[in-house]
Amino acid sequence: MTSVDQDTLVRVENIKKYFPIKGGILKHTIGHVKAVDDVSLAIKKGETLGVVGESGSGKSTLGRMIIRLLAPTEGKIYFDNQDITNLSNEKLRNYRRDMQIVFQDPFASLNSKMSVGQLIEEPLLIQTNLSKVERKEKAISMLEKVGLRADDRAKYPHEFSGGQRQRISIARALAISPKFVIGDEPVSALDVSIQAQVLNLMADLQDELNLTYLFIAHDLSVVKHISDRVAVMYLGRIAEIAPKEAIYDNPLHPYTQALLSSVPITDIDHKREKIILKGDLPSPSDPPSGCAFRTRCPMAHDRCKVDRPELLEKKNGHFVACHLYDR
Amino acid sequence: MTNPAVLSVEDLKTYFYLENSNIAKAVDRVNFSIHPGETVALVGESGSGKSITSLSIMQLIDKPGKIVNGSIQLEGRELVQLSNRKMTKIRGKEVGMIFQEPMTALNPVYTIGNQIIEVLRKHKKISKKDARKQAIELLKTVGFPRAEATMKEYPHQLSGGMRQRVMIAIAISCEPKLLIADEPTTALDVTIQAQILDLINEMKKKFNMAVLLITHDLGVVAEYADRVLVMYGGQIVEQGTKRQLFKSAKHPYTNGLLESLPSLDQSSDRLGTIKGTVPAADNFPEGCRFSTRCPHVMEKCIKTNPDILSDDSGHGVRCFLYEEEEK
Amino acid sequence: MYKYIIRRILVFIPMLFALTVMVFALAQAAPGDPFTGRMLDPTVNPEVYQQQREALGLNDPYPVQYMNWMKNILQGDFGNSIYYNGRSVLELISQRFANTLYLGLFSLTITLVVSIPIGIYSAKKPYSILDYATTGFGFLGLAIPNFFFGLIAIYIFAIHFGWFPSQGTVSSNDVTGFAELIDRLHHLVLPGITLGLAGTATYMRYMRSEVLDVLGSDYIRTAKAKGMSSNNVLYKHTLRNALIPIITLMGIEFGVLVSGAVITEQVFNFPGLGTLFLQSITNRDYPVIMSINLLFGVFILVGNLLADIFYCVVDPRIRYD
Amino acid sequence: GNDEEEETTADNNNDPVETEDPQDNEPSTSRLTGAIHSAPTGLFNPIFYTETYENNILSFTHEALVSQNNNLEFIPQLAKDWETNEDQTEITFFLEEDVTWHDGEPFTAHDVVFTYKTIADPEYGPAGGVRTNFVEPLLGYEAYSSGETDEFVGVTADDDHTVTFHFEAPNVNPLYYSSFSIIPEHIFSDIAVADMPSASATLDPGEVIGTGPFAFTDMVEREQYILTSYENYWQGQPKIDEIVWRVVNHSVMTGLLQTGEVDFIADPEGIAAADYETVEGFGNITIVEQADFGYQLMGFKLNHRTSEDVENGVIDPDNWVENEKVADPLVRQAIAQAINRPGFVNGLLYGRGEVINSPIAPQFWAYTDDVNQNEYNPEAAMALLDEAGYVDVTGDGFRETPDGEEWVLNLDYPQGNELRERSAPIIQENLQEVGININLRQPKEFSAYAEELENDDNDMDLYLIGWSLSSTDPDPSGLWNTTAAYNFSRWNNPESVELLQKALAAPEAFEQDYRTAVYHDWQNLFTEDLPAVILYAQNKLYAYNDRLNGVDPLPYSFINNPHEWWIEE
Amino acid sequence: MQPSPQGATEIDPVSPQPPLDQNARSSNSKSPFQLALRRFLNNKLAVLGIVVLLTIILASIFAPLLTDLDPTKSDLMKIENGPSSEHILGTDGSGRDNFARLLYGSRISLIVGFSAMLFTLIIGVTLGSISGYYGGKVDSLIMRFTDLVLALPFLVLALTIIALVPTITTALFVCIIALTIWPNLTRIIRGTFLSLREQEFVLGARAIGASDFRIIFRHFIPNAIGPIIVNATLMMAQMIIIESGLSFIGMGIPQPTPTWGNMLSEAQNIRILRNHPEAWIPPGLGIFLTVLSINFIGDGLRDAFDPKSNKR
């Protein structure tokens, strides 16, 4: 995965993020939360990579590292074949126009003291040399693009519903025409009918603006709907990554299988056999040895305790980290 | 279903008298009943009145809310207007309840044991020792292998799924006739959701309870419910068996919901959407509550609110389209 | 939790050290010394004072004075008061300490006994007449300067009606046993209420809003859904949670209480640390000023430490490791 | 618990009167309550106390060889008679013979020797004692206090009841030096001088031993100080059983006087002039009004010391720098005449005081009113200023110096005395009315102010201060002699120095008439040269409940022969 | 997926139905500040507080129009006189007109309260925002210092400092108060900043490349301003009480400067308390009403900025 690839927009290699845990009498570091632990992946231009996983599995941390809102503990991040791992805040500012993020909570992610116009114009103000009038025009066009009206500019976030706010967030993120957008669970907080609106909007904008998405969610059906490829994370690691058809039709990793079978589906005629996992997600500060999933895995064997499975390609573009497929 | 209903709700109206002298008609003319051993799902988007319905049943509506009309009968006993003292003998004993937020639903300053023993002693009038024994049994039943140790733990020491199990243990401790589960898994991961819902199902069978399962996830409905009530704007807009709902939904809202759902089994490029947002409870349209978002809206929909009409099979719908049809 | 407490104590030690430096620096920054004020006695030969300054080491360089001071403190010797003609500061303070402590405890007791139930009640019945009365009293209590309240109380209750004594802590030394207790309490009534007024108002408001907050929380709904009676919900489930922030408040309000005591003691001629402190300030009696500063400082630090520890005892969510 | 407490009480009180159940206080115990507004510091030892509040207790418990009467003449107390030698270098006292200390031990001449020897001890000053002026003129003081010898020859016991004071030089006022309260040798002889201030015999009720009519028996520290009659008092058992001093905030004192909780209010403050009418209106209260031994003044900084002198602690008039701004005596007189001193007395003092002109208390034989009066007269003041050449040339309403330069006088004053604080702005107004530009500074905290007054290398021109004087001798040199530390005006007038010396020079000064004449001359000089304007002398107002009888206040103290006080129920 | 140019337009425009928030129903939309203002103006007690406080402020500004008398001018012939036509509230112990002192005293009391609050605010906002924004070492340094100052009771510290200075002027007094009471406000502001630091919208601002400066001034301050204003207001009330308390024990602004505290301290004597209510009730009432109305305003502001809170 190291070759320079013109099609690849984002590439991360072996990145890790360890958050120190302070404790003890003198508040020194007594351990680490291994929020992301050795993840490598690449995202092609124009594609949507979905990331799913349980809460705390490190999805947000991964996303935030990719656009360098967080500095990785280890590893490399390439954007457009440029190494941005160690760029200073100053230099990063130039890259910020190309990568954006939309957050989960439509209530917390907009500064409630700024009007919608100000919110959408703020990135333009920072990243472009557009005049005031141009910014205004751009803001209006963005608002219309996400299905709001021009005169909503003067309003404030509290005057909008969750779905509408998420549209504002999207307009704000897209105003400076980024190439790459991370959606960190952008629809999780929305009602289904609204969720559909936002998902459609995101899909449409991707087509229109030729965007590349990293779409984080815990809802497998949503991820399936929007993604081209899907990565399944478990305890800071990628358990399986593959094109979506491969993941959904032929999941290899026992965790992916369990996850898929747990999702309740609306097809009432189709009775599936459920794999109910035992226990909870272990703590990322003290992950199990060997394979992180082994404590809940119905198929765990001795080797899983010792060896940490590598993420290896099993089929065309279908990578999985499981000892079951080692042979 | 020949045996008499455990719960029957008739013409329930619960209004909130807001400070600006508006009235939020959170629950408006709601009728339904639940039979022993049956799981009835109450679905609807956020703010549609699901929780208020359940709290009305528990007589836990606080100011400025008030049950203004209707009757709620638990095994033939009228609950509306029952004194609070008499109600305390019903809550927890004959009706158990589980809430959405496992993180905050348990009192943080008391041990798990304390909180279970409390309810046992209140309703069963047994000694502390016996209550302790039963509590440990209960914890084992809901899947705590180390029940003794768990008794001594505090809520913050447990994960969300474990807390929800404790909530279930509390809710079923007195073998209630009715279990109300208000979005019991919304805050949990899918794998944990599956555990919890299975547990509820198991308990339902074990104690032959009636379950009112409140959710906004149609997948959950499809997998766990027997009958479904679809709520919108404080009213039930459609009700029927699970099959009727998923196979032959009538109400435009139900249809919209189903279409807007991304699905695991079929791929679709675009999701169906329902335009607009849910109106606020103190600002419902005059006529049909859904009229502002309905693709089939007619003139009379704007002026008058249709009644719910059921066919022989019990499939009811609140829509003029079908009134027409029947005529 | 033990680790947490040990850590808190470890943090406490450098704080204490910094405190001694600050206290010492403050005292040294002041112009004049106890003799500058006293020298205006024409019957006394001023040279005598120069002799005494020398004897007390007031002419030594500051670091030497600090080191000596610290050395003595570590040996439990807080030095001797100058105004009080060389009497031991420790002795002076200990005499008055008990009085201030009784006053503080008495007023805190009144404060808590009054404010907590009323706070709870008005949260239980928000917008009732009592609630409005409580709120009104809260505003009043915070808007009346306590010395002023004290003066009026003296005028009305001590002088006009003669119900309560207005000065001192006891009627006489002859009273002993139970009668003495009653007598002392009798003397504490007016100063105690005066000192507790603002606190009562604060706690009442706090309690009310905390209880309201807790009453609206999910676990209270759970308790109700479990069929717990209203009293059980209020006293078992609500109270303990609502009291947790009150503990923090008490940690903070401790300083306020001490500050209030300085003025209140003055009004009621109450021989406590506050009057001693004020007198020492007027008389430039550094050894006493420094020791009282230090004592209050240690008190507040210990108070905060205790509040933290108590906090983590009542709130199991806080388990520091 | 109760048993224990009763036991300890019994232990504490071996006095049979006190063992009675306090609950049923029989009327046989007569009790008098006095109020003081600040508590004593707790040093109940005549040779060590420094604050006036202790005096209220020591006046009851301790006695001296001599005391003073209403005319300020010395009268016998523990000494029934005395005689001086020819050149007044010795004075011999014959002591009362049946005087006993509170613990029953007899009082002898050795106690007197011991007392003076202690004050002269080298350790006395470092231990905190300040009364060395009583022993300084005694024979051999220098040698003894510097440690050169351990034989003290200043006071000697001729026998158990005869004691002689030996002075270094002929002394005009030997009785003054022998009027110090006596402490018991048998109690203190084993205690090192340095330890006396912290000795139980100094601090603790019951342990403090004197010869006075009352013994200090109990206290609630900072609140109550209880004196019990001494049954074997040499002038007969006091008629009142118990006197209680209560510490009472001055804001409520009069209130308590009215309700009868307090029987008398005396030294040091008495009642406020403003309260006179109120208290009089109570009906059952007698008010005693008498002149105080003290006055308030506004001084002129005639000279300033140099910074070097201040640093070295030197008071050397040769180095002084004259303050041009107030150098002209005419200007000083003008200022004196511009200040409405009668207004202060009538207004601020409610008429309970007196305008005096010279710094000697009017009660003294040395006082004269036959001096330059500098009466309040703004017109005359302006005329004097015109005469001195201080006229307003710029037309801003303020006078300039004769050289036509701006003339602003800085007036400083301390906090701590309410009346004085009130008077400062009034003085400013008064002086501005005659065209003097006064820069009234913010009041300073007292000890900071005192330091500035003393270290006067600054720009102070006018200052306010008050003095309270000793009742024993009118000699003003401690305050006004050129080199006196307290001569804050830095008044340097050779004539004054000469007069002050003359008034104390033997043998002429053995005659009081001679001294009187010299002091009259000096007072005249003072009011002419005017180093300070004496603003007013305030009256003391003592108040006591009419049930108290036998009160006969002295000019300087309310407490006089308290063993003769009695209570009428 | 086919790129469909109509994609965007196909999305349902937001229905003409007014959005959720009831406040938004009016035709012109309101900024959060306008909303807060409206909530504030709907609070009867707060408005009453404003009216009373304004009256007091106006009276202090126009004091020279309301009385011809000089508040520092003594009249030795009229000491502690009762009310008369010339001195409607009588005179004090120096023969100064109580009414004039009341009016001019309100100036000093208000100025002291306001400027002490302002000074405290400056210290508090500077330290609190630095501490809360940057966190880490700077934060712990500032916080340790704050703890240290907080380790001494406010009045004890203030008195100790007051004893250090020989002469207290109004400005110095204000400084001393501010220098002793700043830690409380600093902590509050730091707390606000710390919590803001974790908010997603701040991350969002970082993501668009906003500078620290911009984040502090466009994102932090506007969101922290509510609590800051509320605390500053309540602090001003506290300052006025403190001034009077210190004056009472003789450690405040010295006479002859008229302040309410100075006037009240004359009522220390039962004589004045009993015989001259006209001398002490007005300044007492002045303090009481000012503090009360400021507290009303402060509470009103709190409710306006944070409608969810139920603190009263």
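For this structure, a couple of remarks:
Every chain is named by a letter (A, B, C, D and E) in the order it is written, and numbering of its residues begins at 1.
We take it that a residue touches a chain if its C-beta (ideal position, glycine included) is under 8 Å from a C-beta of that chain, and two chains touch if they have at least 3 such contacts.
Molecules present, by chain and UniProt name: A = Dipeptide ABC transporter ATP-binding protein; B = ABC transporter ATP-binding protein; C, E = ABC transporter permease.
Predicted model, so just to flag it, every value in this text is computed and none were measured.
Of all chains in the assembly, those touching chain A and also chain C are B, E. Steps from chain D to chain E, minimised over paths through touching chains, total 1.
Summarising the inter-chain layout, the chain whose CA centre lies farthest from the centre of chain A is D.
Each of B-C and A-E has its own count of C-beta contacts, and the greater count is at A-E.
The mean-CA centres of chain B and chain E are about 49 angstrom from one another, to the nearest whole unit.
A straight line joining the Cα centres of chain A and chain E is 46 Å long. With each centre defined as the average position of its C-alpha atoms, the distance from chain C to chain E rounds to 25 Å. Each chain gets one centre point, the mean of its Cα atoms, and the points for chain C and chain D are 38 Å apart. Contact with two or more other chains is made by residues 269, 273, 275, 277 of chain B. Touching two or more other chains at once are residues 161, 164, 197, 200, 203 of chain A. Contact of a single residue of chain D with at least two other chains is seen at positions 251-252, 255, 445, 448.
Residues 54-55, 161, 163-164, 191-197, 199-200, 203, 218-222, 224-226, 248, 258-268, 270, 274, 276-277, 280-281 of chain A touch chain B in their complex. Contacts from chain B toward chain A in the complex involve residues 45-46, 159, 161-162, 189-195, 197-198, 216-224, 242-243, 246-247, 256-265, 267-275, 277-278. Of all residues in chain A, only 64, 67, 69, 92-94, 96-97, 99-101, 103-105, 108-115, 122-123, 126-127, 144-149, 152, 154-156, 158-161, 164, 169, 172-173, 176, 197, 200-201, 203-208 touch chain E in the complex they form. Chain C meets chain D in the complex at residues 31-34, 36-46, 48-52, 55, 83-88, 95-96, 151, 154-155, 158-159, 162, 166-170, 172-179, 266-269, 271, 275, 279, 282-284. On the side of chain B, the complex with chain C involves touching residues 55, 58, 60, 84-85, 87-93, 96-97, 99, 101, 104-111, 118-119, 122-123, 154, 156, 167, 170.
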